[in-house]
Structures are given as structure tokens and as C-alpha cells.
């Protein structure tokens, strides 16, 4: 467990958005390693619909930054094949919601070849993809779905919540010899055209650095209640924690940062201290992350819990378009605070 | 909660395999309703690779029993479109492992249209698919994957373990106005060419009947420990329970039968009684069924538990080919019994 | 082609354009001063079809409400040409309880059973359900047909291939329409497609393929006539590609910096008006009154939408299951 | 075509057939009296390629171990023709620690980096990785090529379409090979495919398509020569369909009750032997000694496999992550 998400302000004064931090990571790694290339839809001249590749085409040219046809199965497979032959592809799936048109290449191939080959073949692909809702993009463009990827073996799954982690996790993902799914929430990117959490702009060291994959961060320490969450919900949880603090409830907030490997120790250590657990997730509730985290405690020692575990997640319904409805199901700061108060009651 | 999986022997003497029970259900419903048709790969002359459609072509002819090209996206979509226009398609995905080539049609369309349309459009499709391993079919042909389908909203998910339920759940699925994923384990079908559990042959009433979707069955009552499971693992759990009984451990075994809706009450009622929970699952462990069931208890009242929850599932590794390896990870009766003893220790 | 038909095509296009101009206005109206995609009366992605009206108008002229459309993320022109109630359409776009999907769907997920209309935001994935609709029509003994739409970018998606093969194999009454607007977001056609004309791809399925080169509504109308008649007569599917134009951004907010063709775009509606005028079918006054009438209908629909209630948050879990 | 080449083709086919006959024997040897797919020294599904050897022999004659193959669920003939070590292949099929995948893969998942060989049990999904291998070869400045194989059933899967388009667009050095053995399990070609020849589908991508009508190894060799040379020269992909024959069941245990063509099947190996004999390239004695030598190599491999250790159950979780 690492008690820091980002370095202290004194270490680096430079601030970047999450999107720019990602791009910087890719760019620095591409400078270092000519076998890296980037591929996907609208990642060239457009710079990525969510700015995950802005400026890379200008810097590296069309031989290394390649727009693809809308043929996700073909280009996911292309990434796998190229990785098998020693290259290090970064491939973007524009929205994670589109996984259904190419999932076979991801989970039956990219993820399994290393094992099926008895370790003789390595598949170092970074699959980056945008997740999440909150801007009325409807049932096919607002999902998180990390529960699906974390359920299926052979892929690491990382989910940064802030610029510092975004850069460090991207560098770790690129250097990792395994397929790594890198899921960035649109709401943490710091896009000029979308409402953003203030923390989507944050200090980022200029030099390349790694954030280890599989280590959660305690982003706020507290005595009364452990809130386990990730991605944009970290910010909502921190906002809720601020409010709760003024009401005398002292929350510890854990940013998982990675689902595979999952930092079970970090969860257990915190719950051992607080005795109370609220899991917050923007992915669907059942058969997903909230269940897994609850199980981590229940299978270790249910007596750690002074109160029942609470889960606040996207309910098991397709994500509605209308803002009234969408905000009735998103895990907002208000709903987190309310859930926390219930756990403490 | 229903304390019966199958009727008593006196009610019906006739025994069928699970495969035959499924076929009988489909056949009787097709007699009743001309809008039902069956479609998939090798479901005509071949009768389904796992005999889920044997004899239907002969009885209903090629207008209602249709072999398709190997174009899962096209024919899954065909099922959805036909259902929208008032037909009641039954479509087979030969192995659930192939979901990755057609998942978009399933979870972004079949599953979501009803909601997106504000209830104006109904999509009564039965999607049946073979699951499970145990016969060395390797990483791409041995998975259960129900955790994925249960995680994504809009589809009911049923998983029969025996001939009686297979017939009744199929009839319920066909009559349901929602998309229902019907997952049958190859090992419960009673196939002549695969090692089978004796319970894959069982009493089945001739008349059509429904088994309600969303109701678990207590297939063995016991005082000491609740084993929650489904599909082929039910039989392994029952076998383990027999062995454990002789060692003085009295197990209650719950066959979930359906994951969506999930019979949370049945789990809670049993655990309230026994105070101990072992969840057995042939699907991958993390972010899946075992976590969900543990969470059901942890969010209700962790004090119900006299011992930590135990999970015995397929570990998070691609399923190995070699039998030595595969049987090291499958939840066999021996491994269930061992896990149960640990919970009691 | 008779004057009435030509006039009809023109009116359909104008209605569609009027509707989108109103949406465009209201979409941007309350996103300022800091433009936020999630804010305003119409939040979310907004893909407008302006420039592509000839495709929808030409196709739908041959259809009745017993025929079906499966459209794309850019569905308005087809929805309107196929006769969708503008009020229900607008209300859905505004996320209201009175909308087609009671605010649950949004502009990429319009379902109108009364005219067999549906659409999807996933590229090319509207084709497969079209097969099933056609299949049902066939089995129910109807002579209805399905028009299945995608863009030229979508024609490189696997679903395209599987759907054309299966439709051809089972002789399903589908007309596959490709709107080639030269762009898939920022990716030009020649960076996505290995050949010049997707009509050629019909050969791979043994069906008829036609390409209309000039965004002409009458060209579409002609090709559609043959294709729809064939489908109705049980002669199976056809493919029609239309070289059309995306006048605006891929979605609203798209700065289109990648685009060098912006100066040479031809708006098909004034062009058609000129043609009809010089053919004596339309007068200046008629142009004005058609536009006027369209605007009135559109504003009525927008007004209906704006004055309709929002869905109730407590009902968010209704309609998950039937 | 010179005699040595012809002899080479023959030997490759015989070696492949010998191997499969041995596997066939051992696969069924210990599944009796009650045949159980999961029992015996070789459990699981077993898809044999006998009858299709001409495709592999003709293609691979133009390749070196620097070239790549992506094969299917029916991979043995290509593995062997491409020079896979028979011992490592057999050991994998027997699920041993000495196998290519240390017993973790099985016969549908053979990975041999030393000859750039891979395969997959998912229909048509071997095509997309082939693109990436070809892409890497291209970027690494190699003149290596990839031969990507599927069956005729697979040619109706979306991955087929996407892969051909992308390969053509990026001029990747891939030769796409379709083994048309008339059947996809029990579904005959004309119940799955809307046209007669998949070679026609090459038109959809602006590449060359060839169909070999008669399962002739020399016909394949000829077509392969051109295609491989073009790919090596940077002229992009080609498509070759071969009308071949599945002599046995789809998998072992398949009773083939659906099949009416069983009496008319022509085994290409004796047929080629006859041809070579009448051309004076082969003698009876040579036929015997070639078969003898093949059998010796095969039995050595089988022996190696059988005497190799099984993987250790405690190591089941090795190789999940690198």
C-alpha cells in the first residue's frame, strides 16, 4: 500500500491534465523505444476523440501513429500479432462500450496466448479505452465495464484517476510484457469541452516514471469508514469525504488504480482499521467490483466489519440518456455521502 | 425459495437426459406457438453439437429449424430483429466461449432495446449456449462465463443443472418477454460420448411446465454449512455433501438455477441458519459469482457468518488443456469437500 | 418522374433540414460561455445529417409505414423521411418522458414501432437486426421491406459482411444503403477502404450493387425503386451506395481541423430547389412557403418537447425488464 | 516444376498423413469400450486435416522458417508442412510438459515462435493476428510473409472481411488461404455462402483472388508462388481458395450422418503418387520407403510424447503473466 497518489507540490510545480499526462508518457516511451506504435480510430489528425493522442501524429508521423478503418477485430488482432513479433503496440478502442465487436481478439487471443504457449510467446500490448458517463451519451457510450475485463484472465487492468497516475501507469503499462487494458474515464481527462473535476489538472513530473501496476493508493486517511473506489469516483469520494469530515465522519479513501492485479492487502489493512466499508463503483453493481471487494473482506474475516458492507454502484440497468435519470444512478458525491452516513448510522 | 429441484419419483417415472428434456421443451412450445423458430450452427441435421436440438429438424422442417453460416453477429442480430417484429427466436451460440465475436449484438442490442425504447419494444429471444469444461477442450472451449452475462444488464440468465429444471426453465425462457440466456453445461446434458454425472438422467413430466426464473432450489438441506452453486457443480457439491455427511458435516446445497434475477433471499435464509458459506463456481473467481454471493451476505449482515466465506472457483487463469492441469483447477467433489472441511475447521 | 414526386422529395428534405437547424440552435443555445457537452437542454453527442437528406428522401419515398428502417448514430433524416412523429422525436432528443423512449434512449436510440424504425450508435450493428425484421416480414407473409443504413466507414466492419452474406443466402427483403460522406469522423474514405466503390462489394454476395455518384435525390429515388421492388417481389437484397456530403461536423463541437474539403461542399437542398425551379416545378414563393410550413411543424415539435415533463428519477429502473 | 520439388511436395503430404494416422490411432485407442471424449492419452476435440495436405504442402513449399503461418482448429498439416518439430507437436497433443505449450495449449493452440507458427480454435480469428505479424515484418524491414488460413465456413465471419480490407489498405505481406472442404461441420458450403467461389471476394478489396478447383498440390504450389512473391515484393496481399476435401469427420467422433458425399471422396495422396509414378518421378519402392521414413519419424515423436512427463499440477498458474 502506498500512501500517495501524487508527489507533493514542492517536487513538481508543473501541472498537466490527465490527457496531456498520458500523451507525454506515450511520447517519452516512443522516443526511447522505436518498436512502440499507436493505432486506433481518429488517433492521428484528430488526436483521439478524448485527446489521448494529441500531437503524436505531428511528432512521430503516420508510420507510427496510424488511423485505422472502423474494424476493431482486425486492428486488435493486428496489435496482438505485432506484439508477438516483438513490437509494442498501443491500441485505442475509442469507447469501451464497443468491446463487443472485437472481444474475441481481446480475451481469447491477446489475453490467452502467453499461457497457451507455455510462456513462450509474449504479448506486450497496451489497449487504452475511454470509459464512463455523466454527459448524456446514452446506453451504448457511457459504460465502465471494467468488471468484465477484470473477470477474464490474462490481462492486467489499470484505471488511473489523476494526471500523475495516468502518466506513471501508462509508462508501466507500456513497459509491461503483458497485455494491459488502460481505462481512462472521460471525466478525469481534463477536456476543455466537458465538465471536469478540478483534480483532472495536477502536478506531473517531466521525467518518465513508473507507477507500479497492482498497488492501490490511500488518497485520504481516515478512522471511521473505508471508501474503496477508482477512476472518476475517487474524486466524488474525496468531495464526499470533505463534506462528511465537517459532519464528524472521518473517511479513508482508497483509489484502487488497478483491478488486475488487485491490491487486496490495501483494502484489508484499511478495513481492519476502520471496521466499515463502502465500495463505490460506476460500473454495474452485480457480479462486479463491488462484490469482489466485499468478498475480499468476507473471506478474510467478516468480524473485521462493525457494520454491513455498503455498495454504491451503477444499478443493473442500461444507462439512461436523460440527465435526470442518469444522475439518479451515477455515484455522485451526494449519493456517496448519503451512503456513508447510512453505514455509520 | 423452493425446496425442490425435481418432482418426487412417484409423480413421474419417465426419465430423460437433460438434452432430451431441453428438446422436449422446445418441441412442445413450438407446437403451441408458430412464431417460435430455432437457429444456429449445426442445429439442423446435426441436432446441435451437444444434442440440444436433436430431432427438431425432422419434426419441424427447415423453415423453422435453420442452420446458419458461421456469422454469429449476423444471426444474433437476426434473432433480435425477428423478436422485435413479433417472433420468438431461439438462437444457439455453439459454445459460450465464442461470445466475443457477437457480444455487441447481445449486450448492446438484444439486452438494451427494451429499456432504450422506454418499454415500447420487446425482445423475447432465448439465447442458448453450451458452457463448461472437464474434457480437455482447452482455453477457448471450456469456459462458463456466466459472470460476464450476469454483470451486464437487460438479460435474464438461467443455468439448469438437471433434466427437470432444464425443461421447465426452457419453457419459462421461451414464454418470457425478455431476452433470456440459457446456459447448459455439457457435463449435465447426458451425452453418450462424454463422462456424465448420474443425475444427468432424471424424471421429467411429459406435460409442459414452467420452472420460475429467479428462484433457487435447496437441493439438499443441512445445518452446518451452506454450499451455494449452480450447473454441473451442483452435482459435485451433492457428491461432496454425501462424503461430508459421513464425516459429520451436514451441508445445505443451493442450486441457484438463475443468476439474473438472483435469488438473494434463498442464500440469506440458508446462511442465517448455517452461519457458514462456501460458494462453488466453475466460472473464473474474481469479479464474478463467488464475489457477488459473498457480498449478498456481507451487505446484509456479516454477523450471520460464524466463519469466513470460502470461495472455490476456477482460478483467474486461462483453462489449461492437459487433464492434470485442468483437474487441478476444476471444482471437483474432492476439492469441494476439502474446502468445506476448511470452513468447518 | 412526376412533379408531385419531385415536390415530395424536396419537401421531405426541407423538413429534415429545418428540424436539424432547430436542433442545432437549441443544442448550442445553452452550452455557453464554456461549452460543455453534458450541459444544456440537449446534452450528449449530436450527429446531424444535414447534406445527406437526398439519401433518406429518395429511399423512403418508396416505403410505407409497414416497411422498416434500421438507421445509424446519424438517424434524423431517415426518421423524418420515414414519417416519424416530430413531436415524439424532439421530445426524445430533449430527454422527456413524452419522447419515443421516454427519455431513456436519446438521439442515437430511437425506436418507433409504429413505423418499424430503429437505430443504433454502434457502427454497422444496425445491419444484423435488419435481417431479423426482414425475416419476420418474410415469414409473416408480408411484402414489407427493410432499409438498412450505414456509413462508408461502417462498410469495413465485420457485421457488414456477415449481414450481406446472410441476407443474400436467405433472400431476405433488405435494401442495404451506404451513405458515403467521404469521412468517418476524421478518417477519409481512402484511409479506411481498400477500393473506390462499395457497390463492388455486392459481387461478393451475388447481389446487385449500385453507386450514386452525385448525391442526387432523384438518382437515389431511381435506384431505390428497383431495389425496393425487387425486395418486395422476393428477389432478395440489394446494395446502394450514395456519394453524399456531411455539411457539418461529425458531431456538434467537432472543429473539423482535419478537413480540407470544406470549401467545395455542395448543399443538395438549394441545388435541388434550383433544378426544380428551372424545371418549372417550384417557384420562389413555393420555396418560401414550404420552408415556412416545415419550420412551423418543427417549432411545434420543439415546443412540445420543451414543455413536456422530464422523466421521474424514481422511475429510472422501469423498463429494464418487460 | 522440377522433380525434386514434386517429390518434396509428396513427402510433406505423406509425413502429415502419417502423423495424423498415428494420432487417430492413439486418440481412439483408449476411449473404449464406452467412448468418452475426455478420456484417454489424448482427450478433447480432435480435428484432423487428412485430405487437405495439398493446401499446406503447396503453400509452405515457398516459405522458410522466417515466414509465418496462422492456422485454424485443424492445424496439423500446416504445422508439419511449415517444419514444426514433430516431437514438440506430439508432446503438446499428449498434454505433456515437453510440448510446445507445456501442455497448456493443446492441439488447437500450437505456438512455435521458432517458425512463427500459431493457430486458434475460434473461426476466422487467426486472420487478424496475421495482419500484425505481417505489419511487424514490414516495419522490421524483413521480406518475410504470412500465410493466414481459414476454412470456407470461416469466410462468412466478420473477421475475414475486416482483415482483407486492412491488409489490402496497408499492403501487408499476407497470403489469405481458404480451405474449401465443402463442409463447416455439418453445414454444406451452399447453405453458408451466397456465392460459389470465395476468390470472387478478393474483388471487394482490390486484390488478386484465385480458386484452385481440384485439390491439386501443384495447382496450389503455382498459385502460392505468385502470391508469396508478390507479398515479398511489397505488392500486398492475395487470396487463394482451394477446393479440397475433408476425408474424415469434422472432429473425431463425428458420425457424419449428415454427409452424402462420402463415397465420392478422392484421397489426394495416392492420386498424386499415381501421377508422379506415371511421370516417372516416383517408383513403388520409393513410395514404400517414403512412407516408412515418415512413420519412423512419427513414431519417434509419439514415443517422445508418451514418455514425457505430464505438467505438474502445482505449476498450473505459471505463465498466466510474463
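Couple of notes before you dig in:
Per-chain numbering from 1; labels A, B, C and D assigned in written order.
Operating definition for what follows: a contact is a pair of C-beta atoms (placed from the backbone, for glycine too) under 8 Å apart; a residue touches a chain by one contact, two chains touch by 3 or more.
Keep in mind that what you see is a predicted model, and the values were worked out from it rather than measured.
Each chain gets a centre from the mean of its Cα atoms; the one farthest from the centre of subunit A is D. The distance from the centre of subunit B to the centre of subunit C, each centre being the mean of the chain's C-alpha atoms, comes to 41 Å. If you average the Cα atoms of subunit B and of subunit D, the two centres end up 35 Å apart. In this assembly, the C-alpha centroid of subunit C lies 45 Å from the C-alpha centroid of subunit D. For the pair subunit A and subunit B, the distance between C-alpha centroids works out to 32 Å. Touching two or more other chains at once are residues 101, 103-106, 109, 120, 122, 125, 156-159, 162, 165-166, 169, 191-193, 320 of subunit D. Looking at subunit B, residues 68-69, 71-73, 97-98, 100-101, 104-105, 108, 112, 115-116, 138-140, 153-154, 316-318, 320-321 sit in touch with two or more other chains. Interchain contacts join each chain to each other chain, per the touch definition above. The residues of subunit B lying in touch with subunit D in their complex are 41-42, 44-46, 49, 67-73, 97-98, 100-101, 134-141, 193-195, 315-318, 320-325, 327-329. By the touch criterion given at the top, residues 37, 63, 68-69, 71-87, 89, 101, 104-105, 108-109, 112-122, 124, 153-154, 156, 177-178 of subunit B touch subunit C in their complex.
Residue ranges of subunit B in contact with subunit A, taken from their complex: 73, 97-108, 111-112, 115-116, 138-140, 147-148, 150-154, 259-260, 262, 284, 286-295, 297-303, 305, 308-311, 316-318, 320-321. Within the complex, the subunit D residues that touch subunit C are 156-162, 164-166, 168-169, 191-195, 200-201, 203-207. Subunit C meets subunit B in the complex at residues 68, 70, 99-106, 109, 111-113, 116, 118, 120, 122, 125, 127-137, 139-140, 158-159, 162-163, 165-166, 169, 318-322.
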